[in-house]
Structures are given as C-alpha cells and as structure tokens.
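Presented below are the structures under discussion, each in the form of structure tokens.
You will see two complexes here that share chain A, one where it goes with chain B and one where it goes with chain C.
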Partner chain A sequence: MTAPLAAPREDASAFTRDRAMWGAIMLAPYVLVFAVMVVYPVAYGLWLGLNWNSYRALFADPIFIRTVVNTIIFLFVAVNLKFLIALMLSGFFVQQRPWIRIVLVLFILPWAVPSIPTILSFRVMLNPENGMLNQQLFQWFGIMEGPGWLTDPTLAFISSIFVHIWKSLPFWTLILITGRLAIAQDLYEAASVDGANRWQQFRFITWPSLATLYVTSTMLSMIWTLGDFNSVYLLTGGGPGDLNHVLATLGIRYMRNNNLDLGIASIIVAMPLILPMVFVMVKRLSKGPDA
Partner chain B sequence: MKLVRHFAMGTAVAAVVAGWSGAAMAQETLTAWFTKGFYKGEDDALLAVVDKFQKATGVKVELSLYATEDCVTKSVGAVDAGTPPDVGFCTTYDFRTTGKWAYDGKLEDVSDVIEPMKAEFQPMAVSTTFLMNGKTGKKSYYAFPVEQQMMHITYWKDMLEEAGFKESDIPKTFNGYWDFWCDKVQGAMRAKGKRVYGIGHPMGIAASDTFYSFLTFANAFDAQVVDENGKIVLDQPKNKAAMVEAVKAYSNIFQRGCTPPSSVNWLDPDNNVAFHNRTTVATHNATISIAGKHMDDMSNQALTAEQRATAKKNYEDNIRTAEFPLKADGSKMTNLAAVKTAVIFAEAKNKKRAKEFMAFFMKDENLRPFVEGSAGRWVPTTLKAIEAPFWSDGKDPHRAVVYKQYKDGTVPFQFVYNYNFTTVNAENVWAKAVNRVVQDKIPAEQAVDEMIARIKQIAG
Partner chain C sequence: MKKFLDEGKLLLVAIPVLVWTLLPIYHLFVLSISNQESMLAGKLWPDQPTLQNFQIVFAQQHYYLNNFWRQMFNSFFIAVATGLITLFVATFAAFAIARLKVRGGRTMMNLALATYLIPAAFLAIPMYKAMGSYGLLNTQASLILAMVALASPYAIWVLKQASDKLPKELDEAAVMDGATSIQLFRLVYLPLMKPSMVVIGIYALLLAWNEYLYAFLLLSSEKAVPLAVGLGLFLSADDAPWNLLMAAGLLYAIPPAVIYYLFRKNMVGGLTSGAVKS
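Right after this comes the complex of A and B.
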C-alpha cells in the first residue's frame, strides 16, 4: 500500500527539480548580465577606490571641502526648488484646455533635446562680453559691464542651478501631472459641494494623494542630481577658479589630469549620501502606495 | 598525371605565398606615435623623414598621428598597460609626462644618442632632457629636445592707432606697460563707446596659457620656486615676497577690468578667439599662433580673395608680435621656454631601431623642415636651425621677434627640475591663487601662503 503513495512524491520532487533547473537556466542570462553590467563595474570601482592614499590626497586638496559644500547646496536648493515649481506647474498643466496642451508641448522641449547643445547655448548666451543678455544690456541701457553670469562665483553657481532646473523641470512636472490625473475627480466635486476652497482642496485632497510620489521622486531626483555632470561642467567647467565644482565634475577634473585614483575616490565619497537615499527609497517603494 | 600537375602547381603557389608572407613577417618594424601637426607642412616633413629612414634601413616605420590631447592620453594608457610604442612625440609630454616617466624608470636612457650631438643644441633646450631617474637615483638624458615654444605679446597695431597711440608710446617698464594697455588704450577705446578690453589675460584654471603667462609674471619679479635640485625655495622670504608681487600684478589686471570678465573661465584657444574678434587690443600667448592663423588664411583657397587680402594685411601690417616688457627691477625679461620632447620607452620592443630613428630624425636636414613646417609655431632647439633664413633674415615681422627672444636666452619650467610640478601645473595652483584674490577677495599674502602649502603637499 505504501508503494503507490511513494510514486507521486518522487514525481513531485522530480517536477520540483525540473522546475528549479529550468528556473536556473532561464535566470542564468539575467544573472550573467547583472554580474557583468552591475556587479563587476561596481566591484571594480570599489576595488580601485581602496587606495587610502587617494582619500588622504583628496581630503588634503583645498578644493575638496568646498566641492562637498557646493554639492550639498546644489542638491538641496536645486531639487527642492525644482519640485516646488513642478508641483505648482503640474496644477496648471493638469487643466484640460487646448492651449495649455500646446504650451505643455513647448514646455517639455528643454527636457527632450540633448544636454550638450542646450547647455552650451546657455553658456554662449550668458557670456559676459558677447552673450545675448549682456549685449542687450549694453545696447539698450549702455551698461558696459553687465552681470558676470558665469564669472562671478555666486552668480555662476546660481546659473548652474537654474540650468539644471530648466533642463529637468519638465520631466518631473510630467510625473506630478500623471500623479494628479490619478486622483478621482469625485473627491474635488464633493469637497467643492462642502465649500472647500482651492487651498483646502490642495491641502486635504491633492497633497495627501501626491505625497508618496512627490517624496519618492524627490529622492530619485537627488540621486540623479548628485551625478549631474552636464549642468555644471558644460556651463562653467566648475569655475570660475575651480570654485564651483560639485563631486561629479571634480572627479572628471582629476581624471583629465591623469589622476584616475583621485577621480574614483571623489566619486566614492558620495556613497554616504547616495546609499541612505537608495535605502529609504527602496523601503518606501516596497511598502506600496500608502507608505 | 593531372593530379600530379595540380599538386605541383599548388605547391608552387603555396611556396610563393609562404615566401612572401615570410618576407613580410621578417621585415623589421618600428612603432612611432606623433602629435598631428597644426599645419600640413609639419606632417609632410615628418612623412618625408620616415620615408627616408625606411629606404635607408629597410625598417618599416608604423607611424600614427594623433590629436594633441589624444596623443598624450593614449601614450599614458599604453605606458600603464606596458604596451607603449617604440618612439613617442606628443607636444604636451613635457608639460605632463616626460619628467614623471623618467623618474619612474619608464624611459630609455638616450645619452648615447644625445651626447655625440649635444653641442648642436641650445644648451638650455638640451638641459631640459637631463632628467632624474628615481630608480637609479641618477640624472641622465631621457628625451630628445625636438622643438620649443616661448611666450610673446601680440597686439593690434591698427586698434592701438585707433585709440590714438603709436607703437613708440608703449612703455618698456613692467608696471608702465600694463598700465598703458589698461588705462590709456582701453580708456581711449571706451571713450569712443567701444566695448573693448586692453589685455586678453588668461585666468582659467584649465588653460596651460594661464600657468605659462603667470610663471612669466613670476619671473618678472624673480620669484624662484625651485632650485636646480628640485628643492622648493618659494618659502624663502625673498621668493615669497616676489611671488606676492606677481600674484598682485596678475590679479590687478582683472581687478581693474582690463581683461574680458570671461577670461576667468578661458581655455587655451579663448585668448586667441577674443583677439581675433578684436575684443582685446593685446594679449600674451605662447607661440605666435595668433599671427600664424592669419598667415595660414593668406593662402587658404577656401576663403574669398578679399578675405585672403585682409589676412595678409593683418599678418604683415595690423598684428604685431612683441617681447614682454622689462622685469619689475628694470632688467631684461626672462624667456620661459617649453621644450617639446620625444622619448623612447623602456618597454619598447625595438629600442635599437628607435634610437637609430631618433638619431636620424634629429639630424639638422631632417629636423629643420619638420620644425619650420609649423610656420613659426614651434622654434628650433638647435643652434644651426635658428640661424636659417627662415628665422634670421628678419623678413617676417613675427619670426624676427621670436629669433630675438631666442638669442636673448631662455629658461626652463620648474618641472624639469622636479617632475611633480607637472601636477602643480595641471592643478594650476597659480591660477587658483589669483582666483582666490579676485573672486574670494583674500589678500595676496594669504593666497601665496595657500599656494606654498599646496605646492609642498604635491611636490615637497
């Protein structure tokens, strides 16, 4: 009587073994790609970054602390300002009017076109001598020396933040528009019937519905902004006088000077900023929409 | 029978093919990487040397020409990977790698080639290739002084006249000279409502023009940075005080608004561009490339006849090449020269032939056309070549000034004595100090203290 019972168990275990084997076979290409494209580059980068002398040299470089401070200011100002504006603009663009849709198409253009020509065109426009802005100031008002958009350290830093926001604002506005479109209109109609004004509708309906998307997007944007090389490097090259570098551009500067170890080290020191953000973001996403 | 015939034919063909490929395999080769010339004349002269060498020796020269930046980047990668060419000549080796490679034992000692021909070279030029090897602890010749560059002043004579001045009005004293362009010339142009700057004054961190110009200012105040043993002497009170004056003088031109504001972000071509656009009346520049551009345009068939005529007028009449003014103490200015070096790598596969090739290349009849092919951009390192009519007949107004500067004597960069100064220059501590003064408004004394501390960290 026991033998007939044993056969299905063997079948089951063979089936499980087959499934596991096929699972492993099907998974193998992805594991391989992951190992080659993710694990190896990260591990190699970390291995290259294990030279403690590089960190000593990095911290001894007078420019480094200034770069870290610049990076933190850039992150907090650029990202928060960008999301505040994106939040407001998403409220404008979510309106269903034909002319607003046309404006939206134009608004998206800066994000859609490649970074290099657009940022370099800003560089030309903001040139203190020949740039369009200061030329107009000279021609219209006779101002011989207009503002040093790219030559005054503070203005140059503000210009970099402006270009970064100008370039990435459309994308995040679109994300928040989709978030707003997902909110049921019934809620607004009911609130309106109850006498809620626009601010109250935003505070009690829009914001609670968008909060998760907003915070998660903010963290994602911070990670991307930390690696944003174009806005600063193409506009000012980290100048004037190396005073406006952020970590992403500092690494490139070291590598240009044939100092790969310092370049790697300057990127790895950003890890304490990136890893907590990645951790928090993954944790929030794993909890689902109510997190 | 047919089979035998086919077999015999096949064997014969195979033997011929094998013979050919055997011959091809047996041909000795030499790998050489060079910077691609700015002018066709340079490349043509180089190819002619290669051709002559191949015919004379039967050795095949595999020559690769690279853009300036690619040449040095590729060379550094190849040396790190242990796969360098036999011969390398990139025009930025001297600024960036030659000294370090020699110190690290990456270069072949070429004293046996240099010594027999040493007397033919300008002593300063050949001395820049006598470098320290950190492994042996001894100095020896590790490079070939192929050509060199110097620092010059370039100005628009017609703009100067438009401002109401003659060339004879230009002062010779150091401070008076810069004041003239700053206050008088720029002032006069501004009075006419023109948005023009007196001096194109490189200040960008990433520009080699900046450290070249700044170090010329440092020489004007006799601020010695290292001694001939590579020891840093900038912290000695006399040198430190002189460096403070140099930083003040260099910063002052920007602070007075005499250079375009964008000069703080300039890269190497930007002072040329500002000059060509007539945004600046004068500028200082290593090589006579600014005038050279107009000379090139004179015969550029892609331009209209009118444009060519304008270029000719500019080269011959409107643009002037001049020496720097006298030093701050009234003595003759020191001409800082950058000697462009060719090397043979220690890990080269064919060092014997590489030495033969370089000995052949450095012969006057081969080297001179190569250097002259650059239309004056590069200056000879040999005593004979500088006396050629190309430089010495005085017919060319720009080359005549270069000739005079050469004859006045030159001095080398600090990296010849201490290779770590290639890093100091790459980081551009000089421009950083100037920018700290003009941007962060700190006193020059504090900026020089920071400069000395940083130099000691890197090169001490």
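Right after this comes the complex of A and C.
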C-alpha cells in the first residue's frame, strides 16, 4: 500500500530489459537458421551469378530457350486451368449434401499423398506400350497404337501439366471453398427473393466477394507452379529429348551435369518474374489480423 | 422430379471428378497387387491378385529394396526431427515477435515469408552449394536443416497470426503479478498455443516426409536416403519392377494420408485466411 513510488517504475524498466533480452534470445535460433540456410547460400549464389559468361552460354543453349517458352506456357495454362476448375468445383462442393462431403474427402487425396508414388503411378499408367491407359484403349476400342503420352513431346508436356493440376487442384479448391463459405448466406436468400438466377447470383454476389482471394491465390500458385520440380521430373524427366524442361528442372539438370554456374544463372533469369510477386505477397500476408 | 434432376446434375460433376482423382491412386493399388504379367498387360484388375509384392518388400528381397526398412526409418527420423526442431525454432520466434515485440522482429518475419514464397526448387541449388562448403553434404543433418529452413517461415507466420489473437490483457495481468518473460512464455503462452503448435509440428513433419528434391540432392548413400529417394532409384531402370515400387510406394503414402485426414480441418485455410478477410 505504501510502497515507494519509484519501485514500480524500476520494475517496469527491469521488465523491458528482460523482455528485450529474451526477445533476442528467442529469435536467435531462427536468425541462425536463416543466416546459414538462406542468407549465405543466396549471397553465394548471387556472387556466382555475376559471371557474365554463364548468361552467354545459357542463351546460346537451345534447350534453355525452349525451356523458357515451356515455362511460360506451363505457368499460363496450368494456373488458369487449375483455378477455373477450382472455382467451379468449389461451387459444387459447397452444396450441402452428406454424399458430397464424402466426395470431398476422396477429392483431397492427391493433396494428402506424397508426389513420388502417385506421379510414378501416372508414369507407368501412361507408358505408351504396356501402360494401363493404352492397353485399355486397345481392349475397349481396338486402338492398336494408343497415343504416345510420354514419348510424343507435345503430349508429354500436356501430361505433365495435367499431373501438376491433379496434384495441386485439391488445395486450391479447398481454399476457394473456405472463401465461399465466408460469404453471408442471406445475400443469396435476398437475391433469390428478387428473382436472380444462378448466374446473376454468381456474377453479383459470389464473384465480388471471392475476387481478392482468387487473385491472391492465383499469384501464390503462380510462384509455386514455377517451382514445381516433381511433376515434370518424375513424369518425363524433362524429356523426351530434353524438350520438356521447365526452369525448375533445367537448373537442377545443369547442376547435376556439373554445370553449377548455368544452374545458378537459369534461376537468376527467373528473378525479375518472381521477385515482384514475392514482394506483393509478403505485403499482403504480413498484414496481421488487426491491420 | 426436379429434385431428382438436381441430384443428377450434381452426379454429372461428381463422377468425372472422382474418376480423375482416384484413377492414379487406383492404378497404384492395382499394380501393387499385380504379378508381372498382369502388370505388363495393363489389366484393370489383376488376374490373380497377390500380396507377394508386399512380402518381397517386407523381406527386402529385391536389390532395389535392399534397404527398404532402413530408408523407411530414415524418412521417419528426418520427418520427426524436422517437426520437433521447426516447432522449437518457430514457437520461440513467434513469441519473441508477437508478444515480446522484439526489435526487428517484424522485418525478420517478412524476410522469412519471402523465403517461404521463393520456390523451393530455386533455393535448392544455392543450398546445395552452401552445404558443400559447410562439409555437410551426404549427412542427414543437411536435409533436416534444409527442411527446418523451408518449414520455419510458414510456421512462424501461422504462430504469429495465432499469437496476435490472444488478448493483450493476459500478458499485462501476468506482468503485474511480476512474471518474467520466460514465465510468461511457459505459463501463459505455451498452454494457449498448444493447438496451433500441433498443426505446425505436423505441417513440418509432413513437409519433410514428402520431400523428394532436397533429399535427392543432398543425400546419396543408399543407407542414408529417405524412402522417397529410394523409390526414385527405380527411375534409372528401363524394366523396373514397377509392381514392387507401387507396393513400397503405397506403404510410404499411407502414414501422411492418415495424418492429413486426422488433421485435415486444421491444415487448410491458415495460409490465405488473411486474404479471405481483406
């Protein structure tokens, strides 16, 4: 009751000091991981990337040019197709039916299982000679030589886009389902009282509420699709004849062929595309719940 | 009648979706119970379903699978270690940033987020190079460290979001009672954060269990690699025993699938919850 006035102030500053000390100590493990695993490697990589000759060699390599084109097509087709399908499927999955809930549980399987067994399963299934798909085409329709799913360059490229979508569709569908469920139901009730049809409801209620999420997700998915190594490497290895590489697999290929400089250079050329998106996304994500 | 039609339209969506989703998984399963002939004939259902492939895998009776159990254990060890270390690093960091408001904490988190957003395949090459100069190549420590570095940013971010939701008054009351920072952490923070920590631990564990690229770059000895890389070795053969691979692959895929289903409600949404709101 009669404690001297100075005491609490002293306590407070002691606490501030205690707080600053423990804050630094507790942040230290991550700072260490970050320095060792991100800062040093990236700085080292950039330093190696200063070698002008590697870019000359890179642009002289016809496979590289082909890869850049592939990567752009892959990104554009895979991301847009995935989100269009995810948008429509999220509309299907928000219907309240017990059996649809069961379908949803099965639908998220590709997301839940690791890439290696499932993509290799695709690889065996799509084998032009004894894969299940072409064998069944033969048995059902008498097609002797089914399409060369993995041996024809164009088909192999399309196949890897499909495998990528197969793997990543469930996650984005779930995100869009979450977004749709956050829309107030009475908006729809009011709209249907006013006689709005399904399309108008989508156009004037669903889409405006979902647009921000859709754009953010698309951007995030673009960045990750750019880094998708597994779908291409495990399905075709970038083949046939190195025609179907994307930047993610090409960089690793250079590196495995003891051409680290080209590997680094092929990553650095993608940075003008990636960094602006990363910047925007960090700004969006770091907004806290109360910001 | 109208109701019937509505269900019909929904089924028209559901059936192709299920075929598309389940076909490769079904195929994985069918091959794993096929003998060599049925497999090469591309049968929809094997002539004589058999569990022999699993027997061969369990007994490691094929040179591709000589280290099956060893590699399964490696996967398990690497995943658990990644989960625990990530949890330790991220919980501390989130507490320091969100509750202690350590100076520079926010900047650190934004830098971490940038790491999370840069595609992992692009970080792989510089990380590989760095591991070489640390002399850690071909050690499991290198893979665990890489996985912790990849898992921590998202972990910190999710935990920070969760921490921000805890009322400030809790801290203030505890400080009034003379609690030190470490007591605040132990007695107030940890108990309230338990649910988020479980999700984050599992997230990091699954990330490491499912990882292929980093494992295949950083480790090479057959005894040290996790099962994902062991299965990837089949890729080098033209006439690989795919039915054995699929049997082993099924065993490898089951644990994460079970975990996802147990925690599926918690695993999604955190990521874009900010975007849903804005």
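To be clear about the criterion, the second predicted complex is superposed on the first by the 242 of 291 C-alpha atoms of A that agree within 3 Å, B and C clash if a C-alpha of one lies under 4 Å from a C-alpha of the other, contacts with A are read in each partner's own complex, and residues count from 1 in each chain.
Definition applied: contacts are C-beta pairs under 8 Å (C-beta built on N, C-alpha and C of every residue); 3 or more make two chains touch, one makes a residue touch a chain.
Just so it is clear, the structure is predicted and the values come from calculations on it, not from any experiment.
**Q** Per the contact definition in the header, classify A:Y40: touching chain B only (first), chain C only (second), both, or neither.
**A** The answer is second: A:Y40 touches chain C but not chain B.
**Q** Figure out whether A:V278 sits in contact with chain B (first) or chain C (second), or with both, or with neither.
**A** It touches chain C, and chain B stays clear.
**Q** Is A:G237 contacted by the first partner chain B, the second partner chain C, both or neither?
**A** Both partners, chain B and chain C.
**Q** Does chain A have more residues touched by chain B or by chain C?
**A** Of chain B and chain C, C contacts more residues of chain A.
**Q** Could you tell me if A:E145 is touching chain B, chain C, both of them or neither one (first, second, both, neither)?
**A** first
**Q** Classify the contacts of A:I205 with the two partner chains as first (chain B alone), second (chain C alone), both, or neither.
**A** A:I205: touches no partner chain.
**Q** Touch test for A:N130: chain B only (first), chain C only (second), both, or neither?
**A** Both chain B and chain C are touched by A:N130.
**Q** Output check: A:T118 vs chain B and chain C. Expected answer is one of first, second, both, neither. What do you get?
**A** In the superposed model, A:T118 contacts chain C only, not chain B.
**Q** Identify the partner contact of A:I72: answer first if only chain B is touched, second if only chain C is, both if each is, neither if none is.
**A** In the superposed model, A:I72 contacts neither chain B nor chain C.
**Q** Common interface residues of chain A with chain B and chain C?
**A** 130, 237
**Q** Mind pulling up the chain C residues that touch chain A in the complex?
**A** The touching residues are 10, 13-14, 17-18, 20-25, 27-28, 30-31, 39-44, 88-90, 92-93, 95-97, 100-103, 105-106, 108-115, 117-130, 133-134, 145-146, 148-149, 152, 156-157, 160-161, 164-165, 175, 178, 180-182, 185, 209-210, 212-213, 217, 228, 231-232, 234-235, 242, 245-246, 249-250, 252-253, 256-257, 260-261, 264, 268-269, 271-278.
**Q** In their shared complex, at which residues does chain B touch chain A?
**A** 73, 76, 96-97, 190, 195, 197, 203-206, 257, 260-262, 264-265, 267, 274, 277, 279, 423, 426-428, 431-432, 434-436, 438-440, 450, 454, 457
**Q** In the complex formed with chain C, which residues of chain A make contact?
**A** Residue positions touching the partner: 11, 15, 18-24, 26-27, 29-31, 33-34, 36-38, 40-42, 44-45, 48, 89, 92, 95, 97, 99-100, 103, 105-118, 120-122, 124-125, 130-136, 166, 170-171, 174-175, 178-179, 182, 212-213, 216-217, 220, 223-224, 226-230, 233-234, 237, 247-249, 251-252, 255, 260, 263-264, 267, 270, 274, 277-279, 281-282, 284-290.
**Q** Flag every residue of chain A that touches chain B in the complex, lowest number first.
**A** Touching chain B: residues 60, 62-63, 127-130, 138, 144-145, 148, 150-153, 236-243, 253, 256-259 of chain A.
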